[in-house]
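So, here's a batch of structures to check.
Same chain, two partners: chain A is paired with chain B first, then with chain C.
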Partner chain A sequence: MHKIRKALSSMSASLLAIAAGLLAGFIILLISNPANALRGLATILLGGWNNGMKGVGQVLYYATPLIMTGLSVGFAFKTGMFNIGAAGQLMVGGLAAVYVGVTWTFLPGAAHWIVALLAGMLAGMAWGMVVGLFKALLNVHEVITSIMLNYIGMYGINYLIKNSHLFDPLKNQTVNVAAGAVLPKAGLDQVFYILKGKYQDASAVNAGILIAVGLAIVIYILLNKTTFGFELKACGYNRHASRYAGISESRAIITSMAIAGGLAGIAGALMYLAPASGMHIHVAEVLAEQGFNGIAVALLGMSNPLGIIFTGLFIAHITVGGSYLQSLRYMKEIIEVIIGLIIYFSAFSLLVRDVIARAGKRRARKTRLLAAREGQDNLSIQKEVDG
Partner chain B sequence: MSDYIIEMLGITKDFPGIRANDDISLRLRRGEIHALLGENGAGKSTLMSILFGLYQAEEGVIKKDGRPVTIRDPNEANALGIGMVHQHFKLVHNFTVLENIVLGVESSRHGVLRMDEARSRVMELSRRYGLLIDPDALIEQITVGMQQRVEILKMLYRENEILIFDEPTAVLTPQEIEELMRIMRGLASEGKSILFITHKLAEIMAVADRCTVLRKGRSIATVDVRDSSPEELAEMMVGRKISFTIDKQPARPGEAVLSVENLSVQGRGDKKAVDGVSFEVRAGEIVCIAGIDGNGQSELVYALTGLMPSQGRIALRGRQIDQLPIRRRNDQGMAHIPEDRHKYGLILDYDLQQNLSLKRYLSQEMQRRGFIRFDRVRSYAQGLIERFDIRSGQGPDTLMRSMSGGNQQKTIVAREIDIDPEVLIAVQPTRGLDVGAMIYIHEQLVRVRDEGKAILLISLELDEVFQLADRILVIYEGKLVAELDAARTTQQELGLYMAGSKKQEASHA
Partner chain C sequence: MDAVYFLVQQMMFFSIPLLIVALGGMFSERSGVVNIALEGIMVAGAFTSILMINALQAGMSGQGLLLLAILVAVVTGALFSLLHAYAAISLRSDQTISGTALNMIAPASAIYLARMIQPNGVQQIEFTNTFRIAKVSLLGDIPVLGPLLFQNAYITTYIGIIIFAASAFVLYKTRFGLRLRACGEHPQAADSVGINVYKMRYAGVMISGALAGLGGLVYVIPTSTNFNATVSGYGFLALAVLIFGQWKPLRILMAAFFFGLMKTIASAYSGIPLLQNLGIPSDIYKMVPFIATLIALAFTSKKSQAPRASGVPYDKGLR
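The block that comes next holds the complex of A and B.
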């Protein structure tokens, strides 16, 4: 019973954080264009529903990499590590997947995209493992290595793409992956579309969302039901006691960072194993934003893999909602600010929970004092209550 | 003015599943030393935490000088002149003594620290109360005893009149305890009022004026110490008559289980923390390593258990283990009750059953193909909870952090004894425990010995050493300086060896 209550109380903190973020967003809407502010807020809250089932599909589509990077960051959090390198792991994983997707055309049928996906995972794992190795063997803090590796990854990828057959110089991005390497739709395009005349305008959603949700469940089981997860979490809580109990701390750090990297690598693969109309890796000096948004997704989901599914969906929801805001003549930047605010507030969600708890106590004390006033020392207690 | 500087009247405090304080009243007179006696989990720390503003009581009134006050947090307590020395000190380890004392109440001019002023005040207080400190030493470099004096000076520097000591002697050597008693008497004679949480009867008899006894969250009585006896206090605390000595037959040692040859551990700088130590622990005996804190005991244990690298040979039942990782040593039959239960012994954010299975979760019984069998873990934990009488609010699901120190320690002892080890290394196994729990753990150790296990006990408390040890090895500056037969040695003689003023020339096993 108390487990359920605990889950509810941490959820209420997340919801409160979101509400506060939305309120702050509303104030910004009011400032920038008061006439449309209410409609603007409604648009954000509606998210994908602004555009029927296609919009909902888009939410699922955008949520896919966010859930994956959220899992990556959340998993590392559980084992006491801060993986700020999800962006780099995602890009490295993405490139590996694209490489296999473009080049290994000898692979038959579904094997092609599956192998490409695994390649993305392995590349991400390797990238994450470097961080773990540095931490475990040389005691270099993971934040430093993973930030460095973000940039090494980004520039390295740009270099590799530009100097290989993967480069499409006209669009300054990677070439299309082979048809067999494109993630299957898994029938989702038959659900998430809108009719334009007789034409079904389907959303970009694909099997990626199913893979992401499935992996979230796998990670949940891994963390909570296995001896392996027991050891990893033990290291996260108290590495001294874990060592004392015979757990190899170095191994835990290396494997946990490898898994976190692998999850982010899969995020990249799921993003870029897309048809010609979908996402490609741009040769630009920009780190993948999904990597950083993963931090917010993990925080807001309290690092719980199942919570992360919902917070990933939520952030995608308001992002898609925000894209429709432009029809109300809001600048694209405004929605970025609002999302930023919600993310910012999410970091305070634990603080918010504390405040609620304290407010509860204060009420209890006041009643106690009032009861005590029945006693002899009327005057001085009166002062306490007034003061 | 009221006779009483502090009155806590009808205090009630609930925690999930447990009523920690049930209508407790406590009156502290000006200038007295008032002991608060009770077993672990009796509610002593809770009551003091309420006075110090860390918890809020559900019911009851606190009065200062006869007037009701509310204390919402330690700052408000501080403003009322209430200071507290916690059992686990609250010091910044890489700050100096002086910096720690002034932290939070720094005197400054235009935002610039004025340490000179603070220094002269601290040194004046230090002289006045006989609290010897080195103001420029870093906290991490000074002894526990001096750290405690720093905590006391922190209270005096804030001009607190009511001083709460939470089990202050738990971490001290016999000499330091003497010193603390002297300091406390000095403070009281200067008009400070002292609340002294303890479960050591000798200390109460030595230093306290009055004593309030708590049991299971209720106050049993407040007595004048002069008119009472240790036996009477113990009976009130435990609720039944208890004997202070345990039944222990002479040891019948068998073959060597743990053999250590020429073991050395590198200390800070060039000095060796453990220097060429050789000894044996045989089956069916308790060997105690006695010594003043900081003479290499911790490092010796870390080397034996694999937490720290070492040179030399360690063998368990003839098999060399000094190069093995910790888990392999555990598997070979080494159990370890660690010195620092919060750092090494427990994962405070795991619950009771997870902590009880911390060394067993990999066994066939508790996992299948890597999946934890939660039902087995739970029933195993429930068994240990019953057998070792571990008290908690929510049984196996209780978060370790929320349990009392004594029950946390019982958790470790239960876990380590139940893995059925060849050798049990117990470091201060009863540190911070009440008489009841202490006797219980002592009995368990003797029982394990009589089952033919080897026990290596490291203790700073002479009473414990003489209560349990069959053989005593004295460690001084990283070397074993004496081997003594426990039955034929006096505390005085042992004290001389511990202080390094006497050495055995003859070589020893």
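The block that comes next holds the complex of A and C.
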């Protein structure tokens, strides 16, 4: 009961932050162009629904890498580390997946995309593990290693792509992966489409979203229901105490970062194991924005894997909504401003949650006092406190 | 010799903004507040100041305009950082939350505003660079030192050096600096002897904001002719320089110059015959600054220790 109440109060805190952020966004819309402001807000709130089931599918499609990088950052947060390197891990994972997807055509059927996905995960793990190794063995702050590895990864990937058979010089991006390495649709294209005459115009959504949600649940169980997860969290809370309890601190740091990197690597694989019409790795000196947006997703979801599913979906929802703003003569960047404001207000909402919790405690004490005054025995009071 | 002069002049363009912003971050962290919003604050400072240059350049040019822009950048940065200070200090929230928020808000609003204000919805803000000093009179003629420091330069370079000297002085030789450091190491103790921890932390964050805002302008001026709502991750790099520099001014200076030199080699290697002849592809050169920093860190970080209370919100009620 206590747990549920706690979850509800933290959820209401996030919802308050979202409401405040949207209100601030509405004010910006009002100032920029008052005539369309209400319709603008409606467009943002409708999100994918602006374009029927296809739009909803697009929301799921955009949410997939966000949930994964959110999990990556959130997992690291839970274990006491700040993974600002999800962007690099994502790109490294993406390249590994694309390499397997293009090259290892000898793999039969579904084995191809599964192996490509695993390759992405392993590459991301390796990239994240370097951060852990540097911190555990050499005492180098994880933030600095992550930032450096982001850039090393970016330039390294550009070099590797340009000097290999993966490069499509005309489009300045990677070539298409083999058909077997494209993520299956898992029937989702039969749900998320709009009809254009008799033609089903399906969204790009694929099995990736199912994988992301499944992994979020796995991470939730790992963190909350296993000894292994408990040890990692314990190191995050208080490394001295956990060392005293016989937990190897360096091992915890290294495995945490490896897992965080692996999750971001999977994000990259899910993004780039796409058909010809889907995403390809561009050769550009830009870090993947999904990596940094993962920080926002994790923070808004309070690093809870299940919360991250919802915040990832929500951010994708209003981002897709924002892409329909152009017709009302608003710039779609307003969405990022709103997301930023929501994150900012979520800092306030911790305060709100404290107030709610304090009020709850006061009420509990009052009832306890009343009960005592009525001469009830201590047992029932004890029960109430425990429950 | 010309190659060396060229290298040093170029190095300043990369090092000085890093130096200024990392010193800013130092004030914030030494007061006990982690400021990962440096990137966003740089963007905000560069945005308003370049917008002002864009608006006034028809009637003004040269150093006067640049000084005015510097003022605008500093004020913008300090005000913008107040958002972070309020959440991190007064509300005692997790300091990465508001930092991340600012990093998202700044570039997005810079693009949004630029496209709303400018005709045709263009997001780049153009400016004419009238600020380069070909040669400082008298000083520029000194052999060796002249071409190294006083030719093909910007006043921002000298401002950066002055900021360095002032920062070191303030941090170590003034009462303010001592109190600031106390708040970052042991705020409870500082409070018990009558120092207002909240006030000191506000001061630390606002100084970091002012310097980061300035750093944004200093980064954009020599390297571009328009502002495209980005400072290419320099805020994050400054964060790295700050940690590499162990939260100490002189080490930050060295870290910034080290990184700037590597970055210069990476971007200007084709102008240096020796490096050009090696035939190493440009992408590999571009990785050099980051790899070199990692290697340097691997050897120097064993005893690295952040300010003790950095990142921990101060709650007077818990004393």
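As a working rule, the second predicted complex is superposed on the first by the 342 of 387 C-alpha atoms of A that agree within 3 Å, B and C clash if a C-alpha of one lies under 4 Å from a C-alpha of the other, contacts with A are read in each partner's own complex, and residues count from 1 in each chain.
In this section, a residue touches a chain if its C-beta (ideal position, glycine included) is under 8 Å from a C-beta of that chain, and two chains touch if they have at least 3 such contacts.
Owing to the predicted nature of the structure, the values given are computational and were not obtained by experimental measurement.
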- Could you tell me if A:S242 is touching chain B, chain C, both of them or neither one (first, second, both, neither)? first
- Residues of chain A touched: more by chain B or chain C? C
- If you stack the two complexes on chain A, which partner ends up touching A:G340: first (chain B), second (chain C), both, or neither? second
- Considering only touches as defined above, state whether A:F82 meets chain B (first), chain C (second), both or neither. second
- Item | First, second, both or neither for A:A296, with chain B first and chain C second | second
- Message: Which partner chains sit in contact with A:L210 here, chain B, chain C, both or neither? Use first/second/both/neither.
- Response: neither
- Message: Output check: A:A234 vs chain B and chain C. Expected answer is one of first, second, both, neither. What do you get?
- Response: first
- Query: When the two structures are overlaid on chain A, which partner does A:T226 contact: first (chain B), second (chain C), both, or neither?
  - Reply: first
- chain A residues contacting chain B in one complex and chain C in the other none
- Task: Sort out for me which residues of chain A touch chain C in the complex.
- Result: 28, 32, 82, 84, 134, 138-141, 143-145, 147-152, 155-156, 158-159, 162-163, 285, 287, 292, 295-296, 299, 331, 333-337, 339-341, 343-344, 346-348, 350-351
- Partner chain A, residues of chain C touching it in the complex: 36, 83, 87-88, 91-94, 96-98, 100-105, 107-109, 111-112, 115-116, 121, 233, 236-237, 239-240, 243-244, 281, 283-284, 286-287, 290-291, 293-294, 297-298, 301-304, 306
- Flag every residue of chain B that touches chain A in the complex, lowest number first. 16, 56-59, 61, 67-70, 72, 305, 307, 325-331, 336, 338, 343-350, 354, 358-359, 361-362, 367, 370-372, 394, 397
- Query: So in the complex, which bits of chain A are touching chain B?
  - Reply: 2-3, 225-228, 230, 233-234, 237-238, 240-248, 361, 364-365, 368-369, 372, 375, 377, 380-381, 384
